[in-house]
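Here you go, one structure.
All chains are identified by letter, namely A, B, C and D, in their written order; residue positions are counted from 1 within each chain.
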Amino acid sequence: MLMEKIAELFIILILVSVVLNVSSPFIKFAIKLYSFQSLMLALYILIGAVHFNSINLYGSFVITVIFKVILIPYFLFKTLKRVKMDKEIDMYIGIPEAVVFAGSLTLLSNLIAQKIVTAGITFGAFVFTISLATFLIGAMLMITRKTLFSQIIGFLTIDNAIFLAANSITHGMPLLVELGVLFDLFVSILILSILILNLKRSAAA
Amino acid sequence: MYELVLILPAVALIFSVFTDVLLMSYLQLIISTFVFLTVVAISLSFHAITVFFGGLFFVDYINLVILITVSILELFVAFYSFGYVRTEIKHGLSKRKFKFYYFWKNLFIFSMMASIMSNNLGIYWTGLEATTLATALLVSFNRTKESFEATWKYVIMCSVGIAIGLFAIVILYFTTSQVYGESMKSLSFINIIQAGSELDKNFLMLAFILALVGFGTKVGFAPMHNWLPDAHSQGPSPVSALLSGVLLNTALLGILRFYQINASAGIYYPRYFLIGFGFLTILVSALSIIKQKDYKRLFAFSSMENMGLIALGFGVGGIAVVGSLFQILFHALNKGALFLSSGNVLAVTHERKIDKIRSLSKHFPVTGLMLLFGVMGISGMPPFAMFLGEIYIMFGVFKTNIWFGFLVFLLLIFIFAGLFSKILKMYIGVKDGENGQQNENKADSGTRKGKQNKGEKEIHPFMLYVPLILLLISSILLFYMPSPFLHIVKSASAEFGGKIIF
Amino acid sequence: MTKILPASFEVHINDMTYNYNIQHIGIGIFQFVIIILLSPFFAGFIHKLKQRARGQKGISIFQFYINFNKLLKKEIVLSKDATFVSNIAPYIVLVSYLVVLLMLPAFYRYSLLGISSDVILVAYTFALSTFFMTLYAMDQGSAFGGLGASREWFLTVLSEPSLIFVFISLAIYTKNGRITGIFYFIQKEVSNTFLSGAHSNAISIAIPFLLFVSLFIVSISENARIPIDNPETHLELTMFHEANILEASGKHLGIFEYGSYVKLTVFLTLMSLILFPYMAVNIYQVPSALAVYFLKMMILCVFIAGVEIFNPKMRIFRVPNILSVAFILSLIAMILSIRGF
Amino acid sequence: MNTKYNGIYRYFFGCLSILIPAFFIALSFYDFKQEFIIKSALLSFSFKFDPLSVFFVIFISALSVFISIFSIKYGDKYDKKPSLFFYSFFFVVSMIILVISNDILTFLIFWELMSIFSFLLVIYEGNEESRKAGFLYFLMTHIGTVLITASFIMLYLKTSSLSFDYYKGTAGVIIIAIAILGFSIKAGIMPFHTWLPYAHPVAPANISAIMSGIMVNMAIYGILKFLFIFSSGGGAFLGIALLTLGALSALLGIMYAMVQKDIKKLLAFSTIENMGIIFMGMGVSYWAKIENFKSLEYLAMLAVLLHIINHGLSKSSLFMGSGLIDKYAHTRNMERLGGLSKKMKQLSVLFLIGVMSISALPPLNGFLSEWYLYISLIGSVFTGNLYMVYFSVIAIALLSLSGAAAGAAFTKLFGITFLGKPRTVNAENAVEPHIIERIGLALPVLLCVFIGIYPYQIISALNAVMFYLTGGTVSVNPLSAVQIIHARSFSLYAPGLIAIAFAAVLLILFFYLRAFSANKKRIFETWSCGLDEKNSKAQYSGSGFSSSIMKVFSSFYSSVSEINFEKDVKKYFRLKSVYTEEINDIFEKYLYIPIGKLYLKLSDIFNVLANSENINVSLGYLFLSLIVCFVIYIFIIR
């Protein structure tokens, strides 16, 4: 019971970090938030692992921490340093509106979750709501922000949302698959970083 | 034998790291030929679904069709690359860059093969994402601002799309794990199909929708298509050929797998989604194609159209499935020919704009004619095999609804008009301008950047013959289709409830 | 309107079979020759009438015979640019009129070519003559030739449909496609109505009247008479027909002139047949039929002369107005004759 | 490529395109009911010689033999690019195979091959003009093919068979209508004709001859097949529609032909006219078939079949003639020609006969088929059917108008080109074409004369085709009198008799005049109003010739004309003034260009919407479509 409450806390923190991300124009902060958010996700997985005592989930926890909490933020920071750009200035909608929008997306995802989960499925509407909301807010981030970094952050947020869903509705994907997924994610971040550098260079030229 | 299809590209991948480019181009020829021969051997001896590598990979009739397509196109692209590398190096590109080219290309082929043959949906996903990543740096091969932008768009959109696809797999996994428990087995396609009727239908539908939108992004369905014209037009031409000809089909395979699973559970709604997206894609392509200014973008839109048509074919079912399966192969051949011959023009002129290229009939007689014939082929005209695919699909569409059939035909006419007007302008057009003499000069400087009298002779003969042979094969296939292939298509279409007439 | 013809449209008039016997051929040749001989006379007669009406003394009625004879005696002056067309065109023009004449049952039912005297053939034979006349005009490379050819075709394009319509209306009205058959039918109906007093549905006064008016307008345009053309001037602004044969001389001019007389006669004959068809069916009726024919022709000549006297020549682009009247009249006639079923 | 041996291709393919058609002729004479199937792995190509196919095979083959004989010499102009001979050979062969193909796919494949080869020939010259023509041609053809394909697909769905054998009497009204629409595009019938006047002139002359004389008739073949074999009966209005379309094309086609300056363009428009005439015949015939007026059906069918032959013969000979003019006088513009008759005596005689034949002047063949059409139109008036009566009355009016206009147009063509003074140096320096070229041209012309005077043979041969299509025949009289049994007493045209009468009267006249007139001749210059006699400018020009007719029918044309004076010249003494006249097609101006503009506008808007450069918008679409799919899933499916 307690574990469930703690898990819920972690989940809520994920959502909070995403909303914070929406409200902040600073990219460095956003990367830190992402790292934090991934950590929450990892901890949530860890609770699951302890609860079900599943090796699979332990493994999942470890690789999540390695890739999402450490490696990806590290590379993003490195890229950011080379690009020398910290503040998001190009947005289609202002921050206050975006936050209100994020709130309403959360409401919407709650609505959808209620609608879907009526079928009496084992996992809770709560987790699904949060994961859907994270997904939608991530999408919103990608749509409304013009800077390349924000898009990466949005993409990573979406990815986290899917991971959250994957680890809540099931007890994690098979480890091999999860490893592959995370590795792909990592490589894609690498490639995106390279692209950012190149784009910056070609724009300067 | 089956393992070879995966191992050989991996070997090529390893070689490409160590060997010199020119040597690598020979090695690539050999390896691609062997891959092709292996696939031929597989298709000649193929009887039933075969599993290998501990159940992680399998070959059935459906992915065998795509496998054949990939191996044929890969073979030709290898031959083309042989000439391409030499021509570009002669024009001053560094060898190191081409080493890089071979590395990423082989990685791309490897991950695509893995993706196609994967039994496990997780591996399918991983492979598909890997293809995105492997081709990303190929798309930005030219290192121009446009190519980086295109790559950015490509990676971001496809990654998001495939992430949504992952969501679909998660939900599917959740559904199947109710039957098989949480293990690799729940992701194994063969097992899922077997348990089809026991699965929760709501979640299967949800998974299908997510997969459709997610993988559909990679297929290039409208309105998620925006990355496609940019990415396909920016890469080196052999890569564009592969992207357009086979990668799209690989992504489509994912949707088809979900479709099959739904069908095995007795859910038939997905076909309307396929029809809808297919039609929308054709519509978008039809209305955009006339406004394109870049000839490779033109072909990219045509790929979209054909993907739409294939999806439409699978959606309407029946005879059209056969058409769609044919179309997968024929489109690859034809589109390969188009991209490769446009690569010839690009390699000499370094000009992507349609307006800058004129009078190909004079400077590029063979290439120009191939482009012209390619456009005819891609629009489904005999003597090219796509005629067969298209007419099969249209049989199915007309069977669904006559007026819908006419609508699709109308859009196809628009697409043909767009493609054809541009290509014909390039083939024999004269540059717009005030008077003739000035035109000539402008055209010369525009087309050849001051290099006088340089046309088709500039390029390696392989680059000329490969598209020609592709078109020839396409033409021969209309009149004579090898019976093993026919058998494979027949059996594959039977899995979707299709049947072959004639 | 109902379908009265169940499965085919055949219309039988029993005595339309042609068996050429010596009598038919003989009288046919006689008819042919006498109309050829008479035709300059009719033209001269109209000319004379016009001149008299204007208060002039005028030429002799037989002046055109003299002219023709004189022209035959003269030498031909050919243009340097003339080709073979100039040498054959005059003959073909005249011959095509003569062939039409061969088909016409002017006063004897069995004309020589009566078996093949199809109305459309007649109309297209006229077109053949126009074709060659205009080619002749263009052959010499003179400025007026082209002008004449252009105007001639302008008139033909406008009047040919009317002519064909008149013919086809007649054909539909009488349910017969041959000129010989058409006029024999009218003759029979008229005689039935007037002589035996039998009431016939088929006969109508309105249709022949409309067709007569229409044919009259067409004749005026085809034969280059006032108010459409003035055959007596050689003023370039007014020339239609004359411009075509401006370069002709000697024998060629003679043939062309004679051709125009024959054409006029053909049209007058056609009108006379619509006006009051009276054709001999055997050798004993021939004299009376000939007399009636001659009388009718005289009346028509007076009529034509009257029209020519009382009308000024029109501007060229007013011609379509009057020709369209002819066309519409023949169209009405055709509709009426369909109603007659 | 070594230019020395280029002639080899010409001779090789020239001989091939004589031998292969000749072989097909022999084959069709050998056995009328031959059927064979060639099976490949998937497709089976089935072929069948039915009477209709045999008719077309002989027609195509014979004409292409003539044209090939002609091209063997004429083609030396094109030796530098021998692809011409290659393409034209396959063009002909694909047409021959097209008419004997007996299933959907074979038909479509060879139909498209025919289109592709003809397209390649249209763009053969490779200039801007040919690009425009080629584009328009291939696009329109493609639209036509799509419609034909659609109708075949519908037929397949109805019968679930691909073979034509099973289609007898199955096609409903919609299927036929769509097929006719598709074929009309190929035939160049009026609202769909726009490609024809562009495509026919730009191709080399022998190709124009094939396209205009043979290829357009393939559309007629298709329509005949649909109307008289596949049709399940019903849809009499289709007949009326065909009649109306045909009448419209006949009139407008020749009206446009009249105002052209380019010889080949004039001929191309005349092709539209003749296709219109054929359509009128088919319309009447089909209508009569549905309403069960048997004899009318036969008559109109005879008109159609005869007109196909007549038009093919005369049009191909005229196109060959135009090619020779182009080759030896170096221009096709009538305004720059003139007086060719003196230099090319034999050609001008042949051309004159061709011109007479196509303007349907009596003793020649053109009149024969037109006469049959008139008779069948009159026949349809006699039926008393409420609609048909009025439509055929209108058709008669338009046909007669177009007949007269054809006379005018071809007088212009012959008169301006061959007669008068040479207008340019080129025209002055023309020489008589090579003997082989003249032979190739003379053969169809002689056939024209033969058919015109002695049609007994050809009509009795056509009876087999007619019997196949309509189940009835028209009886013919060996004494060259064409007699119609069912309309026996209605009318009769005896071409032989008329020809004899012509000859007899001509001979009598000739000998009479020879005996009674002076036979003196003097050659002198034409008086040209006191100007310099050498001045050829005093002659009437081609545009002048047609201007008065154009003025009366001005509503048919949308013409723009202007006179430009040189700017720096004093007001009263102008040295030079330029008169330009542009005659546009009303359909092109008010139908096709607006449609094209609409499409461009639509795709402009659409491009902004769908193909945004902006990645945010693209991502927006991605998520939007996901949400839409969700909504559909949640609210509709569940």
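Details
In this text, contacts are C-beta pairs under 8 Å (C-beta built on N, C-alpha and C of every residue); 3 or more make two chains touch, one makes a residue touch a chain.
Worth saying up front: this structure is predicted, and the values here are computed from it rather than measured.
Touching chain C and chain D at once is no chain at all.
Once CA atoms are averaged chain by chain and compared with the all-protein CA average, the nearest chain turns out to be D.
More C-beta pairs in contact connect the chains of B-D than those of the other pair, out of B-D and A-B. When chain centres are defined as mean Cα coordinates, A lies farthest from chain D. Here the CA centre of chain B is 43 Å from the CA centre of chain D. Centroid to centroid, with C-alpha atoms defining each point, chain A and chain C lie 99 Å apart.
A separation of 32 Å divides the Cα centre of chain A from that of chain B. Between chain B and chain C the centroid-to-centroid distance comes to 76 Å (mean Cα coordinates, whole Å).
Among all residues of chain D, those that touch two or more other chains are 615, 619, 630. In chain A, the residues that reach two or more other chains under the touch definition are 116, 139, 142, 151. In chain B, the positions touching at least two other chains are 152, 156, 160, 164, 202, 206. A list of each chain pair in contact follows: A-B, A-D, B-D, C-D.
Residues of chain D that touch chain A in their complex: 615-616, 619-620, 623, 630, 634. For chain D in complex with chain B, the touching residues are 40-44, 105, 108-109, 112-113, 115-116, 123, 126-128, 130-131, 134-135, 138-139, 142-143, 145-146, 149-150, 153-154, 156-157, 162, 599-600, 602-604, 606-607, 610-612, 615, 617-619, 621-622, 624-626, 629-630, 633, 637-638.
By the touch rule above, chain B contacts chain A in their complex via residues 120, 122-123, 125-126, 129-130, 132-133, 136-137, 140, 143-145, 148-149, 151-152, 155-156, 159-160, 163-164, 166-167, 169-171, 173-174, 177, 182-184, 187, 200, 202-203, 206. Touching chain D in their complex are the following residues of chain C: 1-5, 7-14, 16-17, 72-85, 91-92, 94-96, 98-99, 102, 112-113, 115-116, 118-121, 123-125, 127-128, 130-131, 134-135, 137-143, 145-147, 149-151, 153-154, 156-158, 160-161, 164-165, 168, 171-172, 175-178, 181, 247, 250-251, 254-255, 316-317, 320, 327, 331, 334-335, 338, 341.
Every residue of chain B that touches chain D in the complex is listed here, in rising order: 152-153, 156-157, 160-161, 164, 202, 205-206, 209-210, 212-213, 217, 222-224, 226-227, 229, 269, 273, 284, 287-291, 359, 361-362, 376, 379, 381-383, 387-388, 391, 394-395, 398-399, 402, 405-406, 409, 412-414, 416-417, 420-421, 424-425, 427-430, 478-483, 486, 500-502.
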